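There are structures below to look over.
Common to both upcoming complexes is chain A, partnered first by chain B, then by chain C.
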Partner chain A sequence: MTTPTGTAEQPTTSPRSGLWSRGAGHYQSVGEWWILPAAIFLVVFFVVPLVENAEKSIALSQLLRPGTGDGYYLKLFTDPYYLWVIGQTVILSVGVTAICVVVGYPIALYLVRHAGRWSGLVIFLLIAPLLTSIIMRTFGWRVLFARRGLFNETLMDIGWIERPIAFLNGPVPAVIGLVHVLVPFMILSIASVLRNIDIGLEESARLLGAGRIRTFMSVTLPLSLDGIGTGAILVFLLANGSFVTLLLLGGGSIQTLPLLIYQQFNTTRDFGFASAMSNVLLVVALACLYLQLRLIRRRGVKGG
Partner chain B sequence: MEGWSYYWENRGSRLLLTAYVVAFFIFLIAPILIVVVVSFSATSYVAFPPREGLSLQWFQRFWEYKPFLNSLIVSIQIALLSAALGALLGVPAALALVRSRRRLANTVMTFLLSPLSMPLIVLGFALLFFLSRIGFGVSFLSLLIAHTVVSLPYIVRTVAGVYRGISPEFEETAAILGANRWQVFVNVTLPMIKPGIFAGALFAMLISLDNLPISYFFGSAETNTLPVVMLSYLEHQFDPSVAAASTIQLLVAIVGLVILERTYGLQRIGMPT
Partner chain C sequence: MKDRSILKGLDRRQVLAGLGAAATLPLMPRTALAADVKQITVTSYGGIWERAIRECFVTDFKARTGVDAEVLIGGPPQWISQIEANKDNPPIHVLVATPDSAAVAVKAGLVDPISVEKVPNLANVPQQFIDMALGHGAAFDYGAAGLAYNKDTVKNPPKSIKEFVERTIAGEWKAGLPTISYAPAPQAFVWSFADALGGGVENLDPFFAAMQKMRPNVVFWTGVTDFLNLMDAGEVDIGVYYDGRTWAHYDTGKTYIDFINPEEGGVMSPVCTMKVKNAPEIAWEYVNSMLAPGPQAEFAKILNYGVTNTQVQYDELRQKRITPWEKTRFPPNDRIGELLPAWTERWNKEIGA
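Showing the complex of A and B:
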């Protein structure tokens, strides 16, 4: 076999807890070079394509069109239309993230503090939708929001409206659809942090005379900020890159970068420009990844 | 559990919270249930609640409409193969990284998991041009490579999670008792991490089945996956056959979820790390 059959022990510096490790090394079942196939695969099919994509947009915008002054990035960051698209992408992602925090926090609180024997069911109900197809869910919302769908019919039955409202292809179903897809991520992130908060801290605050709201605002909420942070980065990232929901529920009412990339690829076929737009998305994603790492590291230090 | 009463000693506010939770789960589940109901429509148009009774005609249409069935086969092939390839590459890497003492190991782990944080549409777009340039073009192989970039990190994450929880003493004991490295790996390590491999691969398969942003760029008559066909169908027509296709896909996912729960436990996957 290809694995070296040398001694099991390898010199290590930091001692490991457990009886066996005292004085000895720790067992490594596979050599460190076993990392290589996966690492090489990702360098070739993940890093290189993204770098090439970045190069291409810069080369095309600056080398192939010297002096014309309409390089892709210049166009992207000066043309009012594209600025508005970038603005909408950011506003939508931030808005959806904020709604997910507000909608999801009470559910996370319920899951950790009150669900008791129902917590298995609650987690199942949170995860099950994640495994249904994105098309299925947008289809469901389209049925509900249709001209003669359940919402319109109900509103007409109770006499709030006389004629059906054209919900579809507007921003409202698109935002609802996005929140529907992303809120479970937020809830699970917040719940995993809430679970580790010592309930005694809240009890102490109450005993010392703080009201319920004050206890929540100055004890529970600050202690769970880490969970909100992790969830917010995740939801922002996913909202930032989504286009199916916006395409099928929002019509053309909200234009975002992913949607524009999709359209550039589909119809206009200006690939250099699409590369430039995808690079803007990539930079946002990398910034989020960096923030995520810092959050994890900070929590790691606290935990240790 | 004790202590919650400090928070919600008021019965009314507790009732309010419960009502909110129920309303939330109706919001979460209703659009999915509606699609399942619509897939049994007897009418040729989409209506909820369905009129004129129920039927199985849309499942029959799914079966007879070639693009749906062909793309489902492509989807399943890609899901299985990308999970297998992801496991082949990811499992050894996860094992090596978990027990590595180098400072670099953390960075490498972050790198292996980083495709999960990239917008898939960007990844699909960039990969299409790269794979075309090196001559792979729009092909089954390209689609497989693109899906593996995403399935690999899922498998690395679950396998690393399981292996981290296993004490090295089992392997050390076997080594002391005279097993060589290969015997230790096959007889001790592999059986212990099996649930992790299985769960990670299953999870990657479910993600692959629903992956639209990447599959979209590699679409051709031979390489269209089910979500891509469903999307193009939806852009031209709105009839219950897409509901039937969704219901079939959901059925596959539920079977997967039940297996996952039995073998690994949902809670360990659900919590983002």
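Showing the complex of A and C:
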């Protein structure tokens, strides 16, 4: 840490506190109670609702099947249909995350290393779609994938197909829609890490005889794993909980837990089952998050 | 340094006093708050419906009472959940709901019983439209769910639901059908088709068998305006839809669209208006506006839906467009409500969410 005078020094740690505030030219320890507002906020708006949600899923289940507290969970984990939905939720989230890495990394690299004075414009273009409603963006894809949409018209014009393909009934538009919505999070996460990599390290590798690909694989990529990890976590969690895109694209070809949760609230009003599904979704997300962090750490990069 | 605090000029004691006063607001008698009501919150579906609600009912209510009405867009299940979450101080004061949702609201104790004393215009509403809301409101308009189609691409339209199903399976057109997540779909689509194909509320097998065969030629829609977007984009040629909304779309210049009341009869699809329990008493006046002949006639003119006040005289065009209620089928709403979770699960497993 650097003081206002420019000299590097380590703050004197107090056994009672790890929090610091800057006083007149030096750092002072502050009490733990500074985190109290944030802690209260988290407890009231996150922990309490979670506990209530769990309690509700069991209480309503008992009402439905007296003497048991596991009716909904039993159904979720024994009915092949619901197991298939849980699996599809995870596969979709992992798939979308992987596509975002593949699509996003080159753009992040271009942004940091080659965009130069255009980098502001590239960042604006990345962020601009986020300023539009997700529903508008999703409807845009529906127009493009429609029977008389741009893709079908183009494919027919160049003679690749004779009649329009029913894109909207398949999973492809849904995956593309999700990637479109989520890839900016991946790009910005990777770019922020790439920007901090000392370019001298890559130049040293090149001077020592490594080619472009070897330099990238041995130096740039490993050093940017933190960015990929952060982006992957963000994209995975957002994909895991998204339902608007899947509601409007894919024609029901992809069924995920968020879609079923929405349905329990909107159609059947079975709040207990919705609570049980949301708890399962949370646990699945946490398990995947844990695995991702383990994977990143095993690759030799410090975890978050 | 300049003090930018919003609390500038207030000492700690004043701030605490203010917070204390705010904390006691929920404890005050409701009548004290209701006496000074400046605005109530009412509900509406989206699209052309919202415009009609604002122009016909909100305008009349505001002119008569001086109280404004904020219009909340959405659907009955969502609104009922919002009211249930805060029964003592409901965020919604007048609920519009399909009969199945109205039954849920009544059974959950979320709405007040209606009477002519509270709503004078109720005197001119036939009893059957009050019974639909279980005496806790009344249907103020109705549509018929039949088939809307594109005259340019469907030259020889089907006359019945049965014919529509057979020709969809044959791949004569792309059909737009609602998903089960669309609130009125269980009555307007699932029950209607099961009934037309020889099944019924207790037997959906003919419906699901037909759906499996129709699926390759079907695009699902999730909301009322969604179907029109699909029609405009050329994504579907025909589908399950309402008479009123079809004509409203026609009137916007989309003259390619037409409506068929199938031989089996379109599905009676009324919308009820209900005052939410613990809402300010002035909300009854809004319900009264919704049942008044003047605003209802205007509503019918904009939406081309039938209305329920017997004093309303339709103009010539509306007489031609509005499906007479005698030519509709009344779905067994109560039983459908009971079976809905099972129907939804079967739909998910056999057709998709």
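Convention: the second predicted complex is superposed on the first by the 229 of 304 C-alpha atoms of A that agree within 3 Å, B and C clash if a C-alpha of one lies under 4 Å from a C-alpha of the other, contacts with A are read in each partner's own complex, and residues count from 1 in each chain.
Basically, contacts are C-beta pairs under 8 Å (C-beta built on N, C-alpha and C of every residue); 3 or more make two chains touch, one makes a residue touch a chain.
A quick note: this is a predicted structure, and the numbers were derived from the prediction, not measured.
Using the contact criterion defined above for the overlaid structures, shared-chain residue A:169 touches chain C, although it does not reach chain B. Shared-chain residue A:278: touches chain B; no touch with chain C. Shared-chain residue A:58: touches no atom of chain B or chain C.
Contacts of A:150 after superposition on the shared chain: chain B is touched, whereas chain C is not. Of the two partner chains, neither chain B nor chain C is touched by A:223. Using the contact criterion defined above for the overlaid structures, shared-chain residue A:94 touches neither chain B nor chain C, since it reaches no partner. After overlaying the two complexes on the shared chain, residue contacts for A:270 are found with chain C alone; chain B is out of touch. Of the two partners, chain B and chain C, it is B that touches more residues of chain A. When the shared chain is aligned, chain C comes close enough to touch A:260, but chain B does not.
When the two structures are aligned on the shared chain, A:291 is found in touch with neither chain B nor chain C. Where the contact sets of chain A with chain B and with chain C meet, they give residues 139, 142-143, 146, 148-149, 248, 262, 265. Of all residues in chain B, only 1-4, 6-8, 10, 14, 17-18, 20-21, 24-25, 27-35, 38, 46-49, 88-90, 92-93, 95-97, 99-102, 108, 110-112, 114-115, 117-123, 125-127, 129-131, 133, 145-146, 148-149, 152, 156, 167-169, 171-173, 175-176, 180-182, 184-185, 188-189, 206, 209-210, 212-213, 216-217, 227, 230-231, 234, 238, 242-243, 246-247, 249-250, 253-254, 256-257, 266-267, 269-272 touch chain A in the complex they form.
Residues 1, 3-6, 8, 12-14, 16, 18-21, 24, 26-35, 37-39, 41-42, 45-46, 48-50, 52-53, 56, 103, 106-107, 109-110, 113-114, 116, 122-129, 131-137, 139-144, 146, 148-150, 180, 183-185, 188-189, 191-192, 199-200, 202-203, 206, 212, 215-216, 230-231, 234, 237, 240-241, 243-244, 248, 258, 261-262, 265, 271, 274-275, 278-279, 281-282, 285, 288-289, 292-293 of chain A are the ones that touch chain B when the two sit in their complex.
Within the complex, the chain C residues that touch chain A are 75, 77-78, 80-81, 104, 174, 179-181, 183, 216, 218-220, 222, 226, 229-230, 233-235, 340-341, 344, 348-349, 351-353.
Residues 81, 139, 142-143, 146-149, 166, 168-169, 247-248, 251-253, 255, 259-260, 262-263, 265-270 of chain A are the ones touching chain C in the complex.
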